[in-house]
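Shared between the two complexes below is chain A, which has chain B as its partner in the first and chain C in the second.
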Partner chain A sequence: MPAPLLSLRGLTKTYGTVRANRGIDLEVAQGSIHAILGENGAGKSTLMKLIYGVETPDAGEVIWQGNPVRLTSPAEARRQGIGMVFQHFSLFETLTVVENISLIVPGRKAELAARIRELGQEYGLEVEPRAHVHSLSVGERQRVEIIRCLMTDPRLLILDEPTSVLPPQSVTRLFQTLTRLRDRGVSILFISHKLEEIRSICDRATILRDGQVTGNIDPREHDAHDLAKMMIGRDMPAPRPAIAREPGEIRLELAGLDYRPDDPFAQSLSKISLRLHAGEILGIAGVSGNGQAELARLISGETTRPAAADEIRMMGKSVGHLGAAARRKLGFAFVPEERLGRGAVPEMSLADNSLLTAHRFGLVQRGLINRSREADFTARCIKDYDVRTPGPQAEAGALSGGNLQKFIVGREIMLAPKILFVSQPTWGVDIGAATAIRRRMVDLRNDGVAVLIISEEIEELFEICDRIQVIREGRLSPSLNVAETRVEDIGRYMIGAEERAGI
Partner chain B sequence: MNAITFVLAGMLAAATPFLLAALGELIAERAGVLNLGIEGMMAVGAVIAFLTVHQFGTHSLGFLLAGLAGAALSLVFAWLSISLRANQVAAGLAIGILGQGLSALFGKNYESKTVSGLPKLSVPGLGELPVVGGLFTQDFVVWIALLATFAIWAALRFSKMGLVIRAVGENPAAARSLGYPVIAIRYGAVLFGGLMAGFAGAYASTVYTPLWADGMIAGRGWIALALVVFATWMTGRVFFGAVLFGAVSLAQLAAQAGGVNLNSQLLACLPYLVTIAVLGIISSNRRLLKVNGVASLGKTYIP
Partner chain C sequence: MLLSRYQLVRRSSASRRVAILAPITALLVTIVLNFVLYIAMGKAPAAVFYAMLVEPVVSWSSFSEVLLKMTPLLLIAQGLAIGFRANVINIGAEGQFILGAIFAASIPVWVPQATGGWIWPAMLLLGGIGGALWAVVPAFWRVRLNASEILVTLMMSLIATQLLAYLLVGPWKDPMGFNFPQSVMFQLDATLPLIIPGTRVNVALILALVWTLGCWVYMQRSFQGYKLIVGGLAPHATAYAGFSEGRAVWISLLIGGFAAGLAGAAEVAGPIGQLQRSVASGYGYSAIIVAYLGGLNPIGILFSSLLIAILYIGGDNAMVSTELPIAAVRVFQGSLLVCYLAAITLVRYRIVRVVTTEARA
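Entry: the complex of A and B
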């Protein structure tokens, strides 16, 4: 057996009191696609930062092609032949593709542009070198990142959750690219928490939990259930079944909503129409950046419309001109996608954060805060929604993403809304918390609340929604009944059925 | 006709202090650092240059020392705002006030003293033309400033260094992940800004009005700062704004001298109003603003 390309021996990294990586051993073989599997917070990202030289380990050694190395900077890692594609892209939006690439690859722009085209054709990564990055789709940006890595001629390519931002057809295309790279001798470290993906493309998987390796397996020999168990350390809770029920009256209606934002980088919306009934979950699918953020602001009331437009109706009342507070008064509750700064104020305690939207529920009396009621409300939310925190006085910013999300969703549900609108309910949330949040939303639906969800995770939408509409370039597809729809159909709407696959 | 000749002949020289300071600030801001201390750095440059020229009579030495003095003051600002991560606005204001104080202190015994200016160099052939001839007859520093404008435009647009500065200004964290020394680049940009502000002050005190008076910079550093923002961080527009301001300043002087029957205070406001209006209108294109805007400007970078 040939020597491994990369071995890690006892790698340890501690941040303050958090031991992000504890004695990690890992071997990546030449020409393999190796998965690093784990929940959020399991230590995957830290491990990748250690390998790519962004952080240096407190203990342990890195052996690269048989020799111990100290990777003290990304530049050093690149020189050794390690490339990385980040989850949140490290591209510069105001620069062109070729300018971005010339930041780490020496050479004249004309030559670089020619090489970008060449690599694009060879690996199915076509992109226009002179285009500005801000005008590119997410899939195209990812291609730019991969090309940028490939131009440094790496032996090992690290991809951090590469599929989390892609529509299904682009995922297929990415996998073809990765297979082709492996066949030419490039090893790939593939970070993910999506089990089916790992089973379909990886030949080795290392599983992390709480900063430690808990398994080292061939993912093709295990089913998704096994993998999940290794990842979270216990059995997955079963999804909550939705009770068959007739949808009730229309709670939220958008009628031909047109919107042109002032911000030139924002997406315009055109002729958005949807109807959300009591006792159903409607999901809005789509690749991010297709108008979800703009739509969410219009529905929540952060962006208002002229009263005459009459495009947005809640509980039969025209609300387009009303602000967020007035809409909440009608029984609307909203969980925005950014937890820190929009869903919660990071510097404030959980108790004060509950006050932000629950102030109408007796928490404020005669203009003064009733601290004991505030504490009761917060304690109840923490208990009922299984928020892991020292208590109501904990700072919101100190909670992990999953716990804070459970708190915010819980707070909004406790307002007993008629409409609950959740944008990206489980983004960056671990599997356990994500399942809990989804069960809550199904419960709410079963109780007759109208639930609207924006999500990029198609599996999630299929699990809990009654109907799905797909948003693409600011337009909404017709409503699709989940029971009669296949994932590929949604995927086709996500990329625009009339265009070639893979955009 | 006389007024036009007068404006054409003088506008480049009038624009030069603004232009030099604004070009330096442009580089600092492109790298993501808002240096509000420009006024003080100009004041220090002005006094150092004046003392040097008064003492030794050599302008080149005066400019050199003035540039170094501006850079030294900007080094203090960089240390506060980049290394110690102080708020850029507060640190910039403090350093600016310090600079004005130092300038008053050093210049205390030179009030109303004068030095000789610089001779004008004429482009052969063009300099003798009627009306526009004055435009081609300028002192050495003006020609250097024009060259610097072109060089900075080309560097930001075409060179690797310019690319790296823009990248650091847009997203310092990403630039660091690519292995660029963000801190060092920001230091360099701020020092360049201080150097240029020192030159600008030197020009104001030893060439444009070669006479010492306390507070002689008189807000020109603030105008330079405003020019950078109104010019949406584009070199060509910084140049245009500076020349426009210089031209309108001279035009209103010509108007006063020519006996135009308007309140002189109102006329004195004119350069400010016209520059704000014109640059305000051309910077109203939000797409351009977003593409050229510096995303990390004024934000403390913590690696």
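Entry: the complex of A and C
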């Protein structure tokens, strides 16, 4: 057996009191696709940062092509032949593809453009070098990121949850690219928590839990249930079955909503219509950047419309001109996709973050904050929604993404809303927390709450929604009953094939 | 070869210990820096520091002057700090102070014969209203046109200076004043009662302490203050929760303007006793330093206003006894602020040493 490309021995990294990585051993073979599997907070990101030189380990050894190395910066890692594609892209939207690449890769633009085309053809990563990044779809942007890494001719490519932003058809294409790369001798470290994906493409999988390696397996020999069990350390809770029931009255209605934003890079919306009833879950699917953010702000009241428009109704009342606070008073609650800085103030304690939206529930009396009620509310939210934190006085910014999401979802549900709107409920949330959040939403639906969800994860929408509508380029598809719809149908709406076929 | 460099790493939560140590460290570093400066200037540092930092507090008569200087700084800085925490940057307290002085002076100027215990409270109230009115202009333009309140408040100060000059050479000039640009001397009932016999310390000090307490309650306990803090820390969270950004701008500027106007009224009705061109003498600007040195915290501002007041009095002392130029006094204040701003970075960040190996070929 040839020597491994990369081995890690006893890698350890501690942040304050959190031991993010504890004695990690890992071997990545030449020319393999190696999955790193684990819940959020299991230490995957920390491990990748150690390998890519963003952070330096407290203890342990990195052996690269047989030699011990110290990777102290991403530049150093790139010199050694390690490339990384981050989950959130780092491209300048106002520059063209080739300009973005020339920021990192030396060379004349004409030569770079030629190489971009060449690599694109070789690996199925076609993208127009002179296109401006803001005009590209998310899938195309990811291709630019991958090409940028390939320009430096890496031996190892790290991909951080690459499929979380892609529609199903693009995922297939990405996998073809990755397979081709592997066949040419590039090893790939593939981070994900999507089990089926890992089973379909990876040769090896290393499973992390609580900062330690808990398994080193061939994923094709295990089923998804086994993998999940290794990942969360216990059996996965089964999704709660939705009680069949007739939907109630219309709680939220959008009637031909048109919206043209001031920001030239924002998506405009055209003739958005939907009806959300009491006791149902409506999902809005779509690749992010197709108008979800703009639609969410219009529904939440963070963006308001002229009173005359009468395009948005809640509980039968025209609310387009009302701000977020007035809509909340009608029984609307909202979990935004950005947790830090929007759904919560990072520098404030959880208790003070309760106050953000729960202030009407007895937490404020005669204009003064009632600290003991604030603490009670927060403690109840922490307990009922299983938020892992030292207590109500912990700063929101110190919580992991999944725990903060549980806190925000809990806070909004505790407001006893008539409409609950959750944007990207499980973005960056581990499986355990994601399952808990989905169960809560099904419970609410069964209790007669109208639930609206925007999500990119089709599996998630299929698991909990009664109906799905797909958003693409600011337009919303007709409503599709989940029971009568296949994943591929949704996928076609996501990439617009339905429209072309329909004409 | 091993190389080491230093990096700032964000702390998981703000360090309370550093928050308290930061101003003290900043003061010590400032003293060291200025020590070097004084030696380079050929002054005896010990004499300068004694005159500047010790003399003001050892004798009762000079300490009472410190308290007198501290009063307007404390009043203004508490008001400004509320706005600063909401990220509404009012740097025009100087102008609001002048308007407060003008409004307060209107009573003794127009009815110089009036008597009664109502006069000085009415003057203080009018002063506060005058300062707040002057802040209406930047608030309106910020909310309606998104015009930067930083620029508008600053420009309004220049207008206020000219308005004061116009009144003093024109309609409000003392007819018996030998053509000096100043108003009549205020009648006794139009001056603030003294609270410590034998000094010039007046009721405004008590008012400033009560105001401090009020600001503390407002920022620590009130929901309104909470909304302002959220707006300063996370504007998107404000929109998400449905708190009005416009209201935060109005509240911040009106409170800041009121406090500065009150301080202006207390100055003319207190130690000065008439309206003059030099009423403001930079209190509105120094209060910005006071607010930040106090960590924008009402209790911290209590200490920072005392410190800056000591430097005011001590700076005068040093100018007289050691012939220190006034610029050197200002350098001391400025370097103190710079050191403090550098030090408070460490409240949220810590310094980490990173060891690197030289790149391998």
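Structure notes:
What we mean here is this: the second predicted complex is superposed on the first by the 497 of 503 C-alpha atoms of A that agree within 3 Å, B and C clash if a C-alpha of one lies under 4 Å from a C-alpha of the other, contacts with A are read in each partner's own complex, and residues count from 1 in each chain.
In the analysis below, a residue touches a chain if its C-beta (ideal position, glycine included) is under 8 Å from a C-beta of that chain, and two chains touch if they have at least 3 such contacts.
Since the structure is predicted, the reported quantities are computational estimates derived from the model, not experimental observations.
Looking at the superposed arrangement, the partner reaching more residues of chain A, out of chain B and chain C, is C. In the superposed pair of complexes, A:E488 makes contact with neither chain B nor chain C.
Contact with both chain B and chain C is seen for A:S73 once the two complexes are overlaid on the shared chain. With both structures placed on the common chain, the touch criterion links A:A344 to chain C but leaves chain B unconnected.
Of the two partner chains, chain C is the only one that A:A324 touches; chain B does not reach it. Contacts of A:E99 after superposition: chain B is touched, whereas chain C is not reached. In the superposition on chain A, no contact is made by A:E221 with either chain B or chain C. Residues 73 of chain A touch chain B in one complex and chain C in the other.
The part of chain A that touches chain B in the complex is made up of residues 54, 73-75, 78, 86, 90-95, 99, 102-104, 132, 134, 262-265.
Residues of chain B that touch chain A in their complex: 160, 163-164, 166-167, 170-171, 173-175, 177-180, 286-287, 290-293, 295.
Residue ranges on chain A touching chain C, taken from their complex, read 15-16, 56, 69-70, 72-73, 76, 79-80, 300-302, 323-328, 334, 336, 338, 341-348, 352, 355-357, 359, 364, 367-369, 394-395, 397-398. By the touch rule above, chain C contacts chain A in their complex via residues 12-14, 221-224, 226, 229-230, 233-234, 236-237, 239-244, 354-357, 359-360.
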